[in-house]
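Letters A, B, C and D mark the chains in the order given here, with residues in each chain numbered from 1 onward.
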Amino acid sequence: MQLGMIGLGRMGANMVERLLAAGHDCVVYDAHAAAMMDLVGKGAEGSDSLEAFVRKLEKPRLVWLMLPAAVVDPVLDDLTPLLEPGDIVVDGGNSYYHDDLRRAEALRPRAVHYVDVGVSGGVWGRERGYCLMIGGEEPILQHLDPIFRTLAPGVEAAPRTTGASGPPEPAEWGYLHCGPHGAGHFVKMVHNGIEYALMAAYAEGFNILRHADAGLVKRDKDAETTPLRHPERYAYDIDIARVAELWRRGSVVGSWLLDLSAHALRASPDLAAFSGRVSDSGEGRWTLQAAIEEGVPAPVIGAALFNRFESRGSADFANRLLSALRWEFGGHQEKPKP
Amino acid sequence: MQLGMIGLGRMGANMVERLLAAGHDCVVYDAHAAAMMDLVGKGAEGSDSLEAFVRKLEKPRLVWLMLPAAVVDPVLDDLTPLLEPGDIVVDGGNSYYHDDLRRAEALRPRAVHYVDVGVSGGVWGRERGYCLMIGGEEPILQHLDPIFRTLAPGVEAAPRTTGASGPPEPAEWGYLHCGPHGAGHFVKMVHNGIEYALMAAYAEGFNILRHADAGLVKRDKDAETTPLRHPERYAYDIDIARVAELWRRGSVVGSWLLDLSAHALRASPDLAAFSGRVSDSGEGRWTLQAAIEEGVPAPVIGAALFNRFESRGSADFANRLLSALRWEFGGHQEKPKP
Amino acid sequence: MQLGMIGLGRMGANMVERLLAAGHDCVVYDAHAAAMMDLVGKGAEGSDSLEAFVRKLEKPRLVWLMLPAAVVDPVLDDLTPLLEPGDIVVDGGNSYYHDDLRRAEALRPRAVHYVDVGVSGGVWGRERGYCLMIGGEEPILQHLDPIFRTLAPGVEAAPRTTGASGPPEPAEWGYLHCGPHGAGHFVKMVHNGIEYALMAAYAEGFNILRHADAGLVKRDKDAETTPLRHPERYAYDIDIARVAELWRRGSVVGSWLLDLSAHALRASPDLAAFSGRVSDSGEGRWTLQAAIEEGVPAPVIGAALFNRFESRGSADFANRLLSALRWEFGGHQEKPKP
Amino acid sequence: MQLGMIGLGRMGANMVERLLAAGHDCVVYDAHAAAMMDLVGKGAEGSDSLEAFVRKLEKPRLVWLMLPAAVVDPVLDDLTPLLEPGDIVVDGGNSYYHDDLRRAEALRPRAVHYVDVGVSGGVWGRERGYCLMIGGEEPILQHLDPIFRTLAPGVEAAPRTTGASGPPEPAEWGYLHCGPHGAGHFVKMVHNGIEYALMAAYAEGFNILRHADAGLVKRDKDAETTPLRHPERYAYDIDIARVAELWRRGSVVGSWLLDLSAHALRASPDLAAFSGRVSDSGEGRWTLQAAIEEGVPAPVIGAALFNRFESRGSADFANRLLSALRWEFGGHQEKPKP
């Protein structure tokens, strides 16, 4: 099947490679021409311009956008006039699902079909396959099935769930029609919200293990430092890289994120190459906002999100107010920053 | 190697089976004689009494306790006088590591060696193997290596971490000497704290997906109900059993807990057999208390723990006070419970 | 000064009374004619219709809306065509500040001035005065100063802050021009977010005191119930109504909410008239959403908000999944709901 | 009535002054002789040694300890042999109530009575009076009533709660017999837990107001920075010192902590003298641990406590792991620390 890919960053380029390897035809376009060269060498057809790109596609055209969220709308503005009724645009990036609803509405009068696909798998996807969460019209998604099946990891990527029988359904291949427009990115959004919380769960746990030597550390003896009543209970020097490795086999907390933790900690038990300023790219925020609008509690995801904000210093003023209040009512002197 | 097992519940019996299958000799004892019959049929040697049990063990004896935490101390009281210098007692249950420190101290004058082993793997361990977190004296642990290696899942249970080379080390087999007395249960405690948070992460996420139809639900229109400003954004009817299945392949949130979620949701998408009263068996509490004593933040694990408390109604009085205050300052009438 | 009030519920009627008592002229209108009768008896001028209401106002007209948030826009739709350039509309209800921005924009072409006022004080405001958080154009707010000064509690309502000197400024009277359109409701929104968290702080604390008898309560002895290691440390039967009274004098936690807690607990220490289903009327949600958009952590306000959601049963499915997972991996039976 | 005070720091010295002013006799002792001079000038009787101090007290002696928690036990070790049956020791510091239980037990064989008093009021207590939370034996507390009444703020310190009638009871004076040994410090502990959460509520709220200009700040445009979708909604420059002043009159969030916030922010709107490293002196930790042992949720107090830990950098390793994981699965580059 033929597919046109716009956006040849880490994700887009890898997806094209996976599609080419399975025998699909790929026309590619990227504002940075250099990004195309490597793929052309591997069998993709490059394009000098957006117009050329569109011309090379057979009708009904299939255009897959793999772009930073902020760039999707400008590219769509340029692309849409070149499309014809029946053409299909897939947004495989990390768009907010509100934008999907708006874009599907805007394309409807032109009879251009819009599909939103949340893609998980990161830099490993070319090899492992991509988990695809899809929103859009059912007949269009049927039409795209060969593409989805190629990109997805496949049934063998995990043991079959007990109770499943018959020919594997798409979810077991690793792709799913989640619902109408926006449903794909909605599910991907929540996926990332869960991801934030899973990551924080490991991070907190490993941090507690790392500080299991608190009883061996010299503590200030002053009114501003809580004494540790039983230092002998915190006299452990735990090799957390090995613990991460250990838990990968047979434990309840095994996961892909744990596999990655084991890899990172093996390479550098202190993770000294990182400063601990943790970015967020939006999905965790949106997940929490969805929870709020639905009236559903999400304290764990919320704590994970706020923790990232704090890692970036955005609680500084709040903390200064706490110190100021302690000074106001109790005359407590603030201790210097470590 | 010979091992004596006391406590033949779900965990103990399965572990004996796994040891027998690998050719170890097992002497077993349980207050409920019936529990022994099945294992005797499979090759274990049963015992009429604790005394008989001890007599059947070769010196230095190896006694493994697989008992509810509350029963360990009484059994130890009966067992200890029967033991001799050089004998080894392993506590493989879910003891609080504070108890390990105390017990090791109490056994020291008798030259009986104490080993604490945190065991993860649940009802699946017989087949998958058990992840073993071990605390105690190095020479004793060396001596027990054949037992640990049999119980552990083995190297093949997970792909080798990139960067690991040479003969696999114990952590890669699924067992680890974590440190001195108590270190095994300390690491297991934190493991369970992480487990609480991982579970909560999925639970919150699936709950948000389940309520993605909030815009389709009729809402009361009164001053006590926040209106949903964009109901059209919450018009999804998401098949969360299929989403759980989907995420098992290629996504960032894949894990064993997700595998189990997919299984549970496939069998019953509404989970109607459960009421949502969530127990906790202590490790989550202890993890949070360790974090507090170390002065290390654990907001995600904390939220997961408190959530369980709330599921059991223990916030009821606090909530009544909130309603009372809303009445006091604003004349807000409480809405009836659903 | 003359003011026209639309909306004579608890808040609107009390505000008119306070204004009348200070010598202002009030024209009143409410869809429910009965609501006007009492105020007409106290000196207000009633209106048969919105048209009559507008006719009775001197130009430039001052119309103050004190309406449920959901009704403001429909009333504005009817009212706006009756207004003339230079007229002023004040929204004193609990509008979302996004709506203020939109409405000010919509009224601008007609040269009708829009003012948003967040009002705190609840049912006590008639007597104590209202704390007014105001957004809008400076000259308009200058013009309304006599109204604000009358409604506000006045300088004597609190001791002057050390360091303040000269004639008291508006904030010391209890009203403040917070910024342009929307700023009033923005500050009121955050006020309510803080209020949620303050309420939760007391609720949690009193709940901990109330359960200080946990060691006297019989506990189940089973694997699903964490034993209390030191029941003798939880053998207190604390009179929390008296504690609330106590803390009102000299403690660090004294506040108006504590005064109200003391009142509620004195009347009914068990608060048995309440079921603990806690509503929220939107501001806490919006505060958290603002924090998220600003990238600023708000874990305490977030926990308070999510707690309210949980009190309404919206975590039920999430909790069922937790129980299901405990069954899946550990064979843990769920205990019955209390 | 005669009272002997050991420990003449900020708290002890002020309490002696308040007692002297009311006509009580005070014998004082402090390891630092200089601390006594000022009080001797105001009418207290100084002591050269602990022995001299004890000798000057009439029997049954009343000894009040106002010492850092870590010093109470050593001083008691020196003091106890000097005491006689019937003497009374009061610990008015910030002891953990577990220690009260132990000490009362240890003194019982000598027939020395132990009383624990949690004292709130900080540096303002001399003038405002102290809120006293008291644990011990009823007859002893009756005997001490004149002391408590003098130290407490008195009935006039707050308006009487509606519904209260007859002669004011002790709680209305500002002191309360909370229960047996330890109950005083237990209630004080929870008081401080609430205090942490109240402080955090204001800190978060003011921080959200301070960042209401997020839409005016230039943001990076990259995949690691979530775009702000509606910058025009975050275009406020709010004078938070004035907002703090404003809320002191008529609002629902009025409190003594708000009064102090208004004072601190008036003096320095940026609080630039503080770095935001927030200490904790133990009570918040103990409150959370009590909640955990009781099985009662305390997510708001917990978030407030963990926030303080984070302000001291103790999440750093956890945050580095988050950055490492983002690099592992997504190739996300960490942004430099601000």
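Just so it is clear, contacts are C-beta pairs under 8 Å (C-beta built on N, C-alpha and C of every residue); 3 or more make two chains touch, one makes a residue touch a chain.
Chain by chain, the UniProt names read as follows: A, B, C, D = Decarboxylating 6-phosphogluconate dehydrogenase.
Worth saying up front: this structure is predicted, and the values here are computed from it rather than measured.
When the contact pairs of A-B are matched by residue number against B-C, C-D or A-C, more than half turn up again in C-D. Interface comparison, B-D against A-D: more C-beta pairs in contact at A-D.
Work out the mean CA point of subunit C and of subunit D, and you get 29 Å between them.
Taking the mean of the C-alpha atoms as each chain's centre, subunit B and subunit D sit 38 Å apart.
Look at where the CA atoms of subunit A average out and do the same for subunit D: the two points lie 44 Å apart. Each of residues 122, 200, 202, 204, 207, 211, 226, 229, 252, 256-257, 263, 285, 293-299, 302-303, 306-307, 310, 312, 314-315, 318, 329 in subunit B touches at least two other chains. Here subunit C touches subunit D in the complex through residues 97-98, 101, 120-122, 125, 128-131, 133, 152-155, 157-159, 161-164, 169, 171-176, 178-180, 182-183, 186-187, 190-195, 197-198, 200-202, 204-205, 207-209, 211-212, 214, 226, 228-230, 232-239, 242-243, 245-259, 262-263, 266-267, 287, 290-291, 293-304, 306-307, going by the rule given at the top.
Interface residues of subunit B facing subunit D in the complex, by the touch rule stated above, are 252, 285, 288-289, 292-299, 302-303, 305-307, 309-310, 312, 314-315, 318, 329.
In the complex of the two chains, the subunit A residues touching subunit D come out as 10, 68-70, 96, 122-124, 199-200, 202-204, 206-207, 210-211, 221, 223-227, 229, 256-257, 260-261, 263-265, 268, 271-282, 285, 299, 303, 307-308, 310-332, 334-338.
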